[in-house]
Amino acid sequence: MAGLTQQLWGVEFQSPVLLASGTCGYGQEYAGLIPLDELGGIVTKAVSVEPRPGNPPHRVAETPGGMINAIGLQNVGLERFREEKLPWLAENLDRSHVLVNVVGHTADDFATVVADLDDAEGFLGYEINVSCPNVKGGTLFGTDPEALGELVRRVRGSTDRPVIVKLTPNVPDIAVYARVCEDAGADGLSTINTFPGMLIDVDARRPVIGNLSGGVSGPAILPMGVYLTWQAARAVEIPIIGIGGIRTARDALQYVLAGASLVQVGTALFVDPDVAINVHREISTYLDQQGVARLADLVGALETSGHV
Amino acid sequence: MAGLTQQLWGVEFQSPVLLASGTCGYGQEYAGLIPLDELGGIVTKAVSVEPRPGNPPHRVAETPGGMINAIGLQNVGLERFREEKLPWLAENLDRSHVLVNVVGHTADDFATVVADLDDAEGFLGYEINVSCPNVKGGTLFGTDPEALGELVRRVRGSTDRPVIVKLTPNVPDIAVYARVCEDAGADGLSTINTFPGMLIDVDARRPVIGNLSGGVSGPAILPMGVYLTWQAARAVEIPIIGIGGIRTARDALQYVLAGASLVQVGTALFVDPDVAINVHREISTYLDQQGVARLADLVGALETSGHV
Amino acid sequence: MSAPCRLPARVLSNERAASDTYWLELDAPPIAETAVPGQFVMIGFGLQDLDAPFLPRPFSIGWRGEDGRIGLLVRRFGPGTHRLAALRAGEEVLLLGPLGRGFEWETGRALVCVAGGVGLAPFLFLAPEAIRNGASVSILYGERTGDRVFDPRLVEQLTGVRPDLYTEDGSIGRAGRVIDGIERGTESCLFGCGPTPMLKALERLAREAELSLQVSVEEHMGCGIGTCQGCVVRSSTGDWIKSCTEGPVFRREELAWPD
Amino acid sequence: MSAPCRLPARVLSNERAASDTYWLELDAPPIAETAVPGQFVMIGFGLQDLDAPFLPRPFSIGWRGEDGRIGLLVRRFGPGTHRLAALRAGEEVLLLGPLGRGFEWETGRALVCVAGGVGLAPFLFLAPEAIRNGASVSILYGERTGDRVFDPRLVEQLTGVRPDLYTEDGSIGRAGRVIDGIERGTESCLFGCGPTPMLKALERLAREAELSLQVSVEEHMGCGIGTCQGCVVRSSTGDWIKSCTEGPVFRREELAWPD
């Protein structure tokens, strides 16, 4: 059987498949349904210093080949996350890893969350969400190289745990942002977050989404995600987590060939909670069929010679 | 019957529906299939100073809810366009309008095309393609506000015909680019061009597309297109042409409510050449049902009060 | 309340029950065995095809059989429900359920179920269960037009209760709105399921008459199990609360009722 | 060559003809009346549902009936062909056609049709037409495995020609590649349709033996009618030329044949 394990950030990931932030809550909700401890890991819903009330409904709606969401980063806040959510993760996840998705309005906010959680148990590191388009100013860090570098340095200085920066897709050249993060000390990148989008109820002449606009996810964004992952991977040495529209092993392997060491599945979970474990199994079967010994051999193995 | 005509740039558009650049050639190819002269108009394949050979195959492939293309702006070049293509358009299109999509490597290139065509017959104005992601450097004008302003001023100075700038979607804030174009004298904006994307043949471990990456179009990008049209429309006074993923009247009306005076259908033509005329008819039926007298009354009529 | 399960379920039958209205029976033993009235399922179409619709769709459990069948009352609306209406016996869908919090009642109470349109569904399930528990059940069932009425004899067959029928066009049953049929000043428990305007009117009535009321609400959903926070409604304390796990059934005091 | 038309076409029948291989008959009079052998149709699924596949798919016209029917030989490959294989009589697809440039021949010539797999399709249409024109036609038909072979008796019935059959696994017909069956040094016209490696081998053989050869090529297509420039192949002069309008049938001299 092919080896699907990946050695990253000083630990072993038993599977390359993680659950994406915002689509698996704090893990607990999916506990009976998904064998969480057999996965690579989960990324929590964004955690901010204060609890966030979030946006008015509708918060989700279907779009062609995907969905749009504007949750508004509703979350329980740092304190309840630490007291109520982390202990469950510490207790129940043994072999899979937890990344805490962190969000804030200022670099201080981010640093506060990181500093406060850092000595707690139950997680491996942080995924810094600089790219959520749903909260006012939320794109700021993710689309401003200077602010981004500053933020990553701040967070880097507040922890020795792995710091993974989750990039926003709506930039002209993601390589620039990838390098900024690497230079500022990031240990990895997650590519990509959702695309800003809007859906209009033509009869009501109103936006379907309470927040007017939201983030588009799902299969519709797969080719964009693969492209941006490839662009980022060519720009930096740090490992990359590929995200966007994954629903099959072949989708995941596109990200891997483009340069991702791990992948996350998000929206597809809503359609089928088994998707994560199925993707894992199908990757394994595929590697065996192809005679590939280790998944690691495929990371960034895209062949482009003979192409333009 | 509701009025679907729009008065723009000193002329009347009998229909708000146009065919998008690159999806209807130079019109002639669809002549027997689509009642071109009943539409709002067509936008030609990009015209550059010299003929362009274009990219190697595969040039097109299917993606979830859409397609990816990397034609590489293959076109007959300015001279043959003027000699062979424009005369056909001048002769055969009476009531619908032609926009010539212009592309180049330098501001000079653009100005040369415009200056050379300007006294020819058979078209209304120009759609300046600053956003094609397929040719190296092709995103330059579209993602660099300064270069964009410069380019638009150059083109503006070379013609009295309407100059419409077609914006690229992969920018953090399209309003900035919209305003730059307006300030530089553009008469209108087209939103949006395709999203950079990549598709990988997992078995071959190669990009499916000969050019490695290409532009994603089709229903998958509809919510992004509506959002970006809304953002652009709020930033400027000049009219906007909404583009991206349109296949039904309701799709088109989303763009109209978001602020577009006209729309273009592209990829959907490949699925059904009747799409353009069907969208026109269904808009008409819809307006009648809703008791809306003129389509113009819906332009930008999105109601957002009571939302966040 | 037992843990939900994921279950590819075979369509046993799918019959047109009225205009745009279908009675869909699925083979889903684990759900049939544990569900309580007011709970729902998410129906998805899987990831193999990229067919629309993409997101799963929520439906009240409208009935359960001893043999593991569940019945859903589906009204055609958009692409998801059109797809469901077109299902044929033998096809498969992906179920997640049972989900959410159902209706609650004390034995011996008189339950008045107020159903607007396919809001009838949960009460088809509730009525026989409640009657078995010793409650007395009446059903007020309203539709806009007569052609959309789910046959009252079928309702009686499934529940043992003959519904009081109202149509706005007056073509069958009494002319008027279902809400008109509620006797104020009763000691009964009101249960409501239907369009928001109906629920609002019901709430006003219950508030004024100081009646106990539980309603089943409908909001767009992503996951159905509490992870995505997509399905919130405003609580009486001003918070956004998840209708998929804290609801879909709420006591009227739990919710904010803006005009 | 007449102008293509857009046509919602009803499926008349769809029968499994071999492993993964289907014979699909559509009601398409305007196409049946004007098509010439080697031309193709684009089959799309319309814009109403957002079902995959999105882009239309190209298929050689494999036969035409007097009564307006056309027949297609479809091999299951990816989502588009899976969908086609599952079509049932009465369903509709969206056709665009007839498209492209077909095979050309002079009356009285001996035509040798070399078919790899479903590359057989255009020759089922060509053979009877050419014979009616006074040409003599032979068909060399190869498949990788016997289970994929379209019944030679059916070929004979449709075309009047009994094909020389080759399978690589040797299970039916002669063991080996179809290309082995070509007699060098004949005065015949070679026509080829099949996988690219086969076409390349055929081209080398024709070049060396100085035989006339026309091949039908396959490239990904967007529009099928020459507007999108999606379907290019390399010409012998180094240009990218559109296979949908300048082809899909090319004389060997028109194309570049890189190794």
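Couple of notes before you dig in:
We just call them A, B, C and D in the order they show up, numbering each chain from 1.
To be clear about the criterion, contacts are C-beta pairs under 8 Å (C-beta built on N, C-alpha and C of every residue); 3 or more make two chains touch, one makes a residue touch a chain.
Remember, it's a predicted structure, so these values are computed and weren't measured experimentally.
When the partners of chain A are compared with those of chain C, no chain appears in both lists.
With respect to chain C, maximal separation of chain centres occurs for D (centres as means of Cα atoms). Each chain gets a centre from the mean of its Cα atoms; for chain C and chain D, those two points are 54 Å apart.
If you average the Cα atoms of chain B and of chain C, the two centres end up 46 Å apart.
Per-chain Cα centroids separate chain A from chain B by 33 Å.
Here the CA centre of chain A is 46 Å from the CA centre of chain D. Chain A has residues 56, 64-66, 218-219 in contact with two or more other chains. Of all residues in chain D, those that touch two or more other chains are 50, 52. Note for the complex: chain A touches chain C at residues 22-25, 29-30, 32-33, 45, 53-54, 56-62, 64-67, 69, 71, 74, 218-219, 247-248, 267-275. Interface residues of chain B, counted against chain A in their complex, comprise 55-56, 63-66, 68, 139, 143-144, 168-173, 195-200, 202-207, 210-213, 216, 218-224, 226-228, 230, 245, 250, 253-254, 257-258, 286, 290, 298, 301-304, 307-308. The touching residues of chain D, counted against chain B in their complex, run 3-6, 44-47, 50, 52-56, 94, 96, 219-234, 239-240, 245.
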